[in-house]
Amino acid sequence: MSLDAIPIHVVNPTPGESALTGNAPPLLRELAEQVRRLLETGEPSAIDLSALPLTPADLDWLRDRLGSGEIAVTLQANGESTLNETACPGVWWVTHHNEQGAVTSQFIEVAFVPELVKAHPQDVAIGLEQLELSLSGL
Amino acid sequence: MNELQFLTWVRGPGLDLAVGLFLLGMAWRLFEIYSLGRKQDLAAPRHAAGASGLHTVFRRSMPPPGMLKRSPVSYLGGYIFHIGLVVVVFGFAPHILLIRNLTGLSWPGLPSQFVDLAAVVTMAAMVVVLVDRINKPVKRFLSTFEDWFTWMVTFLPVLTGWMAVQHLLLPYTTMLALHILSVEVLLVVLPFTKLLHVFTLFGSRWFNGKANAHKGVPV
Amino acid sequence: MSASLEKVTQTLKEVIDAPIASYFESCVHCGLCAEACLFYTETGDPKYTPIHKVEPLRRVYEQEYTLLGRLKKMVGLSRPITDEELDQWQELVYDSCTLCGRCSLICPVGNDITYMIRKFREGMAVSGHVPDGIRGATQRTVEIGGPMGLKWPAVANVLKKAEESTGLTIPVDQAGADYLVLLSSMEIVNYPEYIEALAKIFHKAGISFTLASDAFEATNAGIQIGASDIARVIVSRIVDAAERLKVKYVLSPECGHAYTAIRWEGPNLIGRPYQFEVVHVLEFLDGLRQKGALKMKDKFAEPLILHDPCQIVRRGGVLQAPEALIREVAENYIPVADQQKWNWCCGGGGGASAIHTDEAEALRAKAFGVKKRQIEAAGVKTMVTFCANCRIVMEEAIDHYEMDTKLLGLTELLAEHLED
Amino acid sequence: MPGPLIESLARQGITRRTFLKYCATLASMMALPPSAGRAMAEAMAAARRPSVIWLPFQECTGCTESITRSHSPTIEGMIFDMISLDYQETLMAAAGHQAEAARLDAMQDNAGKYLLIVDGSVPLGLDGAYSCIGGRSNVEMLKEAAQGAAAIVAVGTCAAFGGIPKANPNPTGAVPVSDIVKDRPIVNIPGCPPIPVVMTGVLAHYLTFGSLPELDDKGRPKAFFGETIHDRCYRRPFYDRGKFAKTFDDEGARNGWCLFELGCKGPVTHNACATAKWNGGTSWPVESGHGCLGCSEPDFWDAGGFYKALSVPADPLRIAGVAAAAGAAVGVGLSFANRAKKGAAKKAHQPVTLADLEKS
């Protein structure tokens, strides 16, 4: 039996007016500040979208403003994660899903490369070991 | 006692006690007041259109000519806070649920945003009325402890109810419990203070209207 | 408790009834009644707030007839009334209340404060907390026959003069007449034209009337002072005469409280309905007008306003007749803003005009301010009324303010312009 | 002692990125700034495993079930790899004397440093005889274990607030941990059962920062218990519009309207169900059509009935009718007294004469 078979469903109380709360525009301003800081000091930062009172309409509005860039990274780690560059280079839209496909957290990350994309030195070292191991077999 | 126990107490034994004391007080007071009786008017009556006890019960809700201008704060403030109280008390869905539970009567509720606005307007009007009572020589002159006390007892349920809904100052549970408690205090003191006018004003208007209607004067 | 206080509480215990209880319980101290009272509006002194004038009555009610009040009295939360307090309240209950009834029309919870004051006066009267002026008037009414000490020979004299000037006979003690005509002392002394006017109208209409030599006085100081037992003695004279002469109607004169006394309080004082009807002279005249029996030869040309006496209009129910009649006789009638049942008192009703202390007279003059503004706003030089007491109170005030306003009695005005 | 956590995770096929992602989500749920996610990952990856002793008292094992049998067996369970769970009756292989010996050893070896987790309430009736382990009463064991604990985590409503065992009439004299231990920091993680991520969040916080998260006045982590179910409920707009399901199978119920009138305790219940959800984010009670029972609040069992709306009387009015009758009786009594008094005054009436008008 699928979930849809259960005759309980939620009708949006206000179809079509999943209204903008006005919380999104200040975020853009904060982002601009963070991008400026990235350029000046190289310090990355992030905004936790799930911690803010944003409606789906707000998120759509934000996504619309930021647009989409050239790079889209997909990470398969205990559910899918997407790290998409926006039209503004250095600003990344990061969405984590769990194994059931539900969004568990969502961030806008300001960095040259998102933290999660970078390889950790320790992991690189392990990778090198493996590489050397396979070299030695040649 | 934690706040949920507090809430459960005010919803349970507290409410029972308060409603009990209210009913006891009301029965006692109404008998006490209206059993004093009155003499039949032996003068030959004069009849006039619009003159009767019932007419006066309704007519007295409108400001007499010229009075709105003379005492705008009393009338406008009074209207706003009385109507506001009616909206908040009888329009808020949880209140209707309580009334349905106690009496079986029910009607559709108003949107909570509207009730919320009404509560704020009511409180503002009550504050204005209070300031007016402090400022106006006549009102100040007439005021006794009871006047300040009953203002407070009426204001607190609105304030606590609004603060509970708005999640202000205290956790919702505590605020809700305080809200219900303040209403219980209101219920208990109502029969024994000027708040009784909620009921006796109908009697008073009717007596006045009837006595004057006997003379053919619509008052 | 002193003997006099004992009397006060005993009496108040008798008069407190369900309406009074309901009124006190309903009062929310909103103070709007003050705005209805000319003694407050003209002085701005909060002590003249009508509901405050019955404060001792409230305490007696609370202490005698409510359980909580009895407990409060026991533990000292509710003070018993004192003689000094009643002395203090005498001014509030008599000097500064004319029983005009305006507050009773305005109270938002519907309290009939005038009714309460009338009842409170019962207690004040039995304990002697009454102004000398009203006490004197009451004594004269009981002992001599009228508040001004007028005796029948003097009245007969006035009647004779009226007969001479009109050439009509004025019947006295004539059994079987339709109307028993009552007069007020003030009319007899100050406005005998009223009698002439009335005689003319009766003769013209062909309606029989009579005066009673033992009941010519319509006024009743007993109800003003608030002593029902005395009021009963006074009103009984009229009832006895009317029933002895077997008249169909008793005609109440142009006097406010006389109308209230004979029309509304009388049957309740004697404890039974009358065997006759009481008609106010304006009702009588309006009846004639409606039948077409009141024809004017010409009209009074100058602009004028009407003063509605409280006890006849607001408290008496003669609402429509005065305006209908004034429109009949006046070419330039100007309605005022607060008229008919909303009219403002002359300042001297309810016995107040009988109080001649300096303070009371100064207060009355001050209270006249509201009428003065009405006259000035209308820009008229003539004011018509139909209560001899209102008329004399306002004449005094007009003198006091040195205004050039002329006051006329309505009946008299009608008679003057009546078709010959 | 095994090596750093990250290595054992790697051995189980959990990559660093998976762990980072988990920490980012965890930090988000705990309302920590985004940078804390990385700090957590760093700290936990390198953490030494603290000793944890888990004491089960008067409980139903639901809490253990909830936490260990989380829907996704990987990460939530992994957190337990960060700790050295030295005693957990339900999970441990040892039994009997061996188990008790393990507990005592852990307590001795890590005195003052171990974390004590308790689930279940502590019965005090009959000197604690209602619940014993190895012949020793819960209260005795708790006092003993608490002495050497760095902090205590009371898992589940029973341990935190007494829960169902403490419900009226509380036959065993059950009390929460905080009634007995007064001198150790206690974190309450109420819920029947509690949400697994809250448990892991507290552990992660402890491992990362070496301290307990910020708590409210009831000792609950503010990050998870700061708001009510009602505040975060997706059905809240229906409440605001006055649209309520009146029964469990009416149109309103089918349309997912607010369950307030069906007794939902969401407005007075502090928990994270509405945001964290259950079973790997599948659903939660209100989403599946049932009102919140308020299970994470103290004394929720005795809060006036699960199916009674908060604004209706918790109990039927019992004295109202009697009171009205009594009031009427008092009123009638007073009426007679008043009328008698008035009658007497009338009877004693002396006709008022002119002489009375003079002041005596």
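Read from first to last, the chains carry the letters A, B, C and D; within each, the first residue is number 1.
Operating definition for what follows: contacts are C-beta pairs under 8 Å (C-beta built on N, C-alpha and C of every residue); 3 or more make two chains touch, one makes a residue touch a chain.
In this text, all values refer to a predicted model and were calculated from it rather than measured experimentally.
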Least hop count linking chain A to chain B through chains in contact = 2
Measuring from the mean of all protein Cα atoms shown, which chain centre lies nearest?
-> B
Compute the centre of every chain as the mean of its C-alpha atoms, then state which one is farthest from the centre of chain B.
-> A
Pick the pair with more C-beta contacts: C-D or B-C?
-> B-C
Compute the distance, rounded to whole Å, between the mean C-alpha positions of chain A and chain C.
-> 90
Interchain centroid distance [CA atoms averaged], chain C/chain D, Å = 76
Could you put a whole-Å number on the gap between the CA centroids of chain B and chain C?
-> 37
How big is the gap, in whole Å, between where the Cα atoms of chain B centre and where those of chain D centre?
-> 39
Residues of chain C touching 2+ other chains?
-> 16, 65, 67
Would you mind listing the residues of chain D that make contact with two or more other chains?
-> 241, 330, 334, 338, 342
Two or more partner chains touched - positions in chain A | none
Could you draw the chains as nodes, link the ones that touch, and say if you get a line, ring, star, complete or other?
-> other
Complete list of chain pairs which touch one another | A-D, B-C, B-D, C-D
Quick one: in the complex, what on chain D touches chain B?
-> 218, 228, 230-231, 239-242, 244, 260-261, 267-268, 270, 294, 297-300, 302-304, 309-315, 317-320, 322-328, 330-332, 334-335, 338-339, 342
Hey, which residues of chain D end up touching chain A in the complex?
-> 6, 14-18, 20-22, 24-25, 27-29, 31, 33-35, 38, 72, 74-75, 234-235, 237-238, 241, 243, 253-256, 277, 280-282, 288-289
In their shared complex, chain D is touched by residues of chain B numbered 2, 4-5, 7-8, 11-13, 15-17, 19-21, 23-32, 35-37, 93-95, 97-98, 101-102, 108-113, 167, 171-173, 176
Residue numbers on chain A that touch chain D, as the complex places them | 6-11, 13-14, 45-48, 50-51, 75, 77-78, 81, 96, 98-100, 102, 104-105, 107, 109, 115-116, 120, 122-123
Chain C-facing residues of chain D, complex = 330, 334, 338, 341-342, 345-346, 348-349, 351-354, 356-360
